[in-house]
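Two complexes follow with chain A in common, the first pairing it with chain B and the second with chain C.
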Partner chain A sequence: MLLIDKYAYTNKIRCYSPQAKILLACGTIIISRIINNYYFDLLIIILMSVLIVGIAKIPCKAYFKMLLIPLSFLLVSIVAIVISVNDVNYIYCFKLINSYIGITYESFNTGAKLFTTVLSSLTSVYFLILTTPIIDIIKVLKKLKVPSLFIELMVLIYRSIFIFIEEANNIHMAQTMKFGYENKRNSLKSISLLIRNLFLRIFIKHNEMNISLECKLYDGEFKLGD
Partner chain B sequence: MKKRLMMWSVLLLLLVTPQLGHAMHIMEGFLPLKWAIVWAVLSLPFLIAGFKKLSKGLKPEQKMFLGLVGGFAFVLSALKIPSVTGSCSHPTGVGLGAIMFGPTTMTVIGTIVLLFQSLLLAHGGITTLGANVFSMAVVGPLVSFWIYKSLKNKNRGLAVFLAAALGDLATYIITSIQLSIAFPDAAGGFFTSLTKFISIFAVTQLPLAIVEGIITLMVFNLIAEYKKEGVIELEESI
Partner chain C sequence: MLKINNLYYKYEDGTNALNNINIDTYKGKVIGIIGANGSGKSTLFLNIMGILRPSKGEVIYNDTSLKYDKKYLREYRKQVNIVFQNPDQQLFYSNVFDDIAFSLRNLDVAEDIIKEKVFKALEKVGGLDLVNKPVHFLSYGQKKRIAIAGVLVMDSKVLLLDEPTSGLDPYMTKQMKEIINEISKDKTIIISSHDMDLIYDICDYIYILSKGNIIGQGEKELIFTEDKLIEEARLVKPWLVRIHQKFDLPLFKNEEEFNLYKGKGIL
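Right after this comes the complex of A and B.
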């Protein structure tokens, strides 16, 4: 259903210790920040891509498709950083009304550095999320003595995400078959009906979960098996 | 020559913006380490306040209810809604949550939902979680809640619409501020950079805020209808 979640459970290095994977991902992000060097960033990008595609055996095509998702935000933000107004020593500039807009050496450098840094941390995070299931991450958080209320909410939310995704998909399919997304007006109406229905499901599911948990002698605490 | 350049830049913008709907989360590695820490520390007190409020007399059933609300908020953010500009965008659902359950509760749930978004959808990031929490789970709900509270006695429909739309806008402005503090313009400094970010993101965020307002209003009306008929009982205490 969720592509990243699927790969997290089916990759080849799923059974390796989650602590090591988290340490590796966070470590590379922080070290690349401290060293702050183009070549080091490139090294990390290549290393992580090899780990993801070569060792964890995530399909190459899927991995690059996933990398493209955040790239649009990156490009637009970098445009905003690279372009500067009324500066001196431009590489290239043009005049608009009565101010100069263009690219300077400094802004170009900042933009290029940012691009490699973001890509290197992005590949590190992808390594973590594509190889480690959420349950393993939650177990590590528990060992780190994160408040139990937070952990319990995480477990509950993780479970309910999939309940709601399935229902949202069913409703969406039914609506599409009845031409609910034919034009703008209909789409707005359909989407609000969908959200309303999902919202009502919260209450129905809440009652059902209450009953089932009471049958299992639930005393207000979820036990995670370690 | 210049005309062609303008044309290309407009084309590029049009190509890139459709995917920007969900992109108001700052991505992994974008903020310098220093600012990532600053925003995390700034949003921590709100999170702790939310926890204090929640853990005081929270019954097991209510815990489950919060879990379901969190799943709901996550699915909302993964839904594609049709937007005015023709592109697809994602509702944040923060406005609805803040109106229904109060701002501090939304901070706790929002934090977990943002964490899941970065782990399951790769929206946002782990090091930038603090900054995203501050804009989406602290300021957005606070603005929505405050607007709804101050206007609900005059015109309830308008209050819901404004709460959702302005909450969305507040999130977008805070994100722009966070980006421009981290990357000030070489010549003009913070404010030039802020205008650049605000004007670039306005292309998608203004229509998005209006759509979010309309949808939240429609959902709110449908829920109110149900509540009047006695089908559901909203738990005011949460």
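Right after this comes the complex of A and C.
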């Protein structure tokens, strides 16, 4: 999360119009769904990766590492789709006890199509979040007249994430300094304490923020301006 | 402007947090409230802001006693506002501009006036270059400036500053001093701090708080020479007062005077 945010603010095309970036990302997702052809999807994957690594100058290694996270989920689900039991037209199969397990032409096709569609959408989304800071996205959402409740939530959640991560980091560091993660037993104990403390701190923070809000003349709505 | 008359505050568990507090801001332009940890400074500030309601006594602003209904408090907080110690407590937006504009938008100020005021406030705290940075990328000192700017935009008449220099490096502390000096030109300022040098440098009149009681008050040159009082409040004297007492130097009003001093008889 923090890494994505860092790149969003430091990439080479950060200053380009966020509208254009959102349009490109959403456009490619929609068009790839309409065309529904895996050569086209492959084209988008390559295009987006070139944009991200070549033009926005996101480090190649970091980009692939970030892709690995959703990719691992994707691969597991593709495996479940591709493998079929007791079917016909097998490309490859083997016999296990009484049934045939393997890959058919059809399942392979579905799997490949799904894989490229998902991956092309993923790279499009990554293009957007790696090159456009949330603040810019919010500005566009405001222009698009997205309900203010939704945007308010987005603004507050985004800010809170960083306060939350900072608090968690601070507690974790303090625990590490006191040898809280030396062995498995200690680690478990420490992590439970960390969660408990975070929970308590949320309430303290909530209280403090309420006081600040009152001093800042808050009257029930987080105004966003134009 | 702001006066506190015989104010008492009790916590829910019955312990006395503040006893018979009397403060008068007519006594100076910059008022200092000093005291050890747990002496009641923050509780006092929350009482002044109308967040906590005193168990006895009253807060008086412009000769009217503070009323605790929503409408009155809203008007009152346009005039009297506070910068808290922890900047993360008061920054709600990830965008510096939006955060500073927050209170003005709550008052339904027109967007072009907001823009003007936000940039003016940012200029006052020397933070114009921060306007496009996300809040979570800022250093502690920068966040503190933004927090101050977020209150400055309201153009309140009285400003409370809770530990404005805590956690700041010497350079930022010096800048903060300049900021406070600058804004004190058209505002009454009340500062609470542990930094005796800061208090001595920028305040005119000082109250000493100890265990919820005001145990002393006076002009800064007088109050800090009362050894017993300073010790009782668990504080130390500012270095300008110490060199005056030890080396028979004149009592400088602030660091600037000290820096200009070339030796005896040349001042």
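Simple rule for what comes next: the second predicted complex is superposed on the first by the 210 of 226 C-alpha atoms of A that agree within 3 Å, B and C clash if a C-alpha of one lies under 4 Å from a C-alpha of the other, contacts with A are read in each partner's own complex, and residues count from 1 in each chain.
Everything that follows uses one rule, which is that contacts are C-beta pairs under 8 Å (C-beta built on N, C-alpha and C of every residue); 3 or more make two chains touch, one makes a residue touch a chain.
The structure displayed is predicted, hence computed values, not measured ones.
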In the superposed arrangement, does A:V125 touch chain B (first), chain C (second), both or neither? first
Broader residue contact with chain A after superposition on the shared chain, chain B or chain C: B
Determine, under the contact definition given at the top, whether A:I134 touches first (chain B), second (chain C), both, or neither. both
Going by the contact rule set out at the top, does A:Y9 touch chain B (first), chain C (second), both, or neither? second
Is A:I163 contacted by the first partner chain B, the second partner chain C, both or neither? both
Scan A:K216 for contacts with chain B and chain C and give back first, second, both or neither. second
Touching partner for A:L193 - first (chain B), second (chain C), both, neither: first
Going through chain A, the residues touched by chain B and also by chain C turn out to be 5, 134, 155-156, 158-159, 162-163, 205, 209, 213, 218-219
Chain C to chain A touching residues, read off their complex: 46, 49, 51, 73-74, 77-78, 81-82, 84, 86, 88-95, 98, 101-103, 105-107, 111, 114, 134-137, 150-151, 154
For the complex, give me every residue of chain B touching chain A. 2, 5, 12-13, 16-17, 19-20, 23, 25, 27-30, 32-33, 51, 54-55, 58-61, 63-72, 74-76, 78-79, 81-82, 84, 91, 108-109, 112-113, 115-116, 118-123, 125-127, 179, 183, 185-188, 192-193, 196-197, 200-201, 211, 214-215, 218-219, 222-223, 226, 231-233
For chain A, which residues count as touching chain C in their complex? 5, 9, 133-135, 155-156, 158-159, 162-163, 166, 205, 208-209, 211-219, 222-226
Contact footprint of chain B on chain A as seen in their complex: 2, 4-5, 26, 29-30, 33, 66, 69-70, 72-77, 79-81, 83-88, 94, 104, 106-107, 110, 114, 117-122, 124-126, 128-129, 134, 137, 147, 149-150, 152-165, 168, 181, 184, 187-189, 191-196, 198-200, 202-203, 205-206, 209-210, 213, 218-220
